[in-house]
Amino acid sequence: MQLAKIIGSVVSTRKCDRLEGMKLLVAIPIDMDTFEEKGSPFVTVDTVGAGEGEIVMWCGGSSSRATEMTTNKPVDATIIGIVDNVDILGKRVFTKGAL
Amino acid sequence: MQLAKIIGSVVSTRKCDRLEGMKLLVAIPIDMDTFEEKGSPFVTVDTVGAGEGEIVMWCGGSSSRATEMTTNKPVDATIIGIVDNVDILGKRVFTKGAL
Amino acid sequence: MQLAKIIGSVVSTRKCDRLEGMKLLVAIPIDMDTFEEKGSPFVTVDTVGAGEGEIVMWCGGSSSRATEMTTNKPVDATIIGIVDNVDILGKRVFTKGAL
Amino acid sequence: MQLAKIIGSVVSTRKCDRLEGMKLLVAIPIDMDTFEEKGSPFVTVDTVGAGEGEIVMWCGGSSSRATEMTTNKPVDATIIGIVDNVDILGKRVFTKGAL
Amino acid sequence: MQLAKIIGSVVSTRKCDRLEGMKLLVAIPIDMDTFEEKGSPFVTVDTVGAGEGEIVMWCGGSSSRATEMTTNKPVDATIIGIVDNVDILGKRVFTKGAL
């Protein structure tokens, strides 16, 4: 799994039926070395009520369909948790709200 | 999921039976930082009636088979929606027809 | 899906039983910007009777098992069609036999 | 599969139900040429009781759900073993505890 | 599928039960342009009795579980054949034992 920051949203009216009612968010990868943004934004589906500015954990590939909300959906990136803390080598390197 | 722009089409007569009747489009990735084309074109299967010039959302891997039209098909990139708007940090950065 | 050109073949006698009788071809990626070879060759399994020099469409990952011939086979790159034409922005950029 | 070194942990309170009780660790890839860290840290789920500083073997994609603990879970990187030794070209290049 | 050369092995005592008895080999990618080593070594599971120095064909992702030996196992890279010959553009570029 990887971390990302929620930075926006996508609206699509003409879409696959199975996506009806799903919240499509734009996220940007967060590098866990620096806790800075790194790489290109992507679209992800929310299953935990994430909001703009929050750091989330997401998973990709077929595993992104392994939640109640995304079963059998054509999604390849799903937010699976909002990150509270990250500790690296015994030091707290991230606390929710700090980024 | 990622965004891409439809730029063309592919015709294949001698192909896997399961692809019979599927519309094969050429898409080019759209970077959501700049909303410019970035990367190499690829072939994708259309499930929403996308047309040339439209910005679409697509998914890859096994999830590209998770639509009614693509179930059990040998496809690894499926268009799952036509993008109307993208908002990033409270600003509308893309509106359908603008690219 | 991606395009590739068939450039060779692989013979493996001691192999997984499920691969028995499958035609293993060497393909090289074709970039759809330039229609030139780009990247490293890879091994792919043929399901459509492709021959050396032909431009084919292939799919990867679990979708490469979604053909009659490759169901339950340990393959991660399958040729699913021989390309006749590619049109980009209203121009025919590739016709079978041209490369 | 790849090797990685456990360097930390992630806490997420608001998360997908199916992740309840899973240990989320931060790992950094270990290059098997040099046995040094290489690349960006990522989040992985522990199934073998790995601890900080240990070199582990992990697998990704759908295979990361192929353990008793991770079946049907939205995880795409799972620790599947703690590495005791690695031999390359007849030489022991890694022994547990050495890194 | 890709080619790789077997260069070593990994021992892991504390591991996922489902890996019990599996032979874990270290392989290094072989570029089919030059037939030289290219890229970083990785861990793969053997299903064909490959030995050090042999050039093998392997597959990744979910397809690496599509052999009798690896069904439902948490593996994402499986050796599926020992390569005898590779022909490119009508020339034999590799014969078993030559590398």
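Letters are used for the chains, namely A, B, C, D and E, taken in the order the chains are written, and counting of residues starts over at 1 for each.
Definition applied: a residue touches a chain if its C-beta (ideal position, glycine included) is under 8 Å from a C-beta of that chain, and two chains touch if they have at least 3 such contacts.
These figures come from a predicted structure and were not determined experimentally.
Student: In contact with subunit A and with subunit D at once: which chains are those? Just list them.
Tutor: Common neighbours, subunit A/subunit D: none found.
Student: Tell me the angle, as a multiple of 5 degrees, of the rotation that maps subunit A onto subunit E over the C-alpha atoms.
Tutor: 145
Student: Give, as an integer number of Å, the spacing between the C-alpha centres of subunit E and subunit D.
Tutor: Inter-chain centre distance comes to 21 Å.
Student: Once you find the CA centre of subunit C and the CA centre of subunit D, what distance in Å lies between them?
Tutor: 34
Student: At least two other chains touched by the same residue of subunit C: list those residues.
Tutor: Answer for subunit C, listing residues that touch two or more other chains: 60-62, 64.
Student: Indicate which of the five shapes (line, ring, star, complete, other) describes how the chains touch one another.
Tutor: Per interface graph, the chains form a ring.
Student: Give the chain order around the ring, anchored at subunit B and oriented so that subunit C comes second.
Tutor: Traced from subunit B through subunit C, the chains around the ring are B, C, E, D, A.
Student: Given the complex with subunit D, which residues does subunit A contribute to the contact?
Tutor: 1-3, 31-33, 38, 47-49, 57, 59-64, 66-68, 70, 78, 80-90, 93
Student: In their shared complex, at which residues does subunit A touch subunit B?
Tutor: 7-19, 24, 26, 40-45, 52, 60-62, 64-65, 72-77
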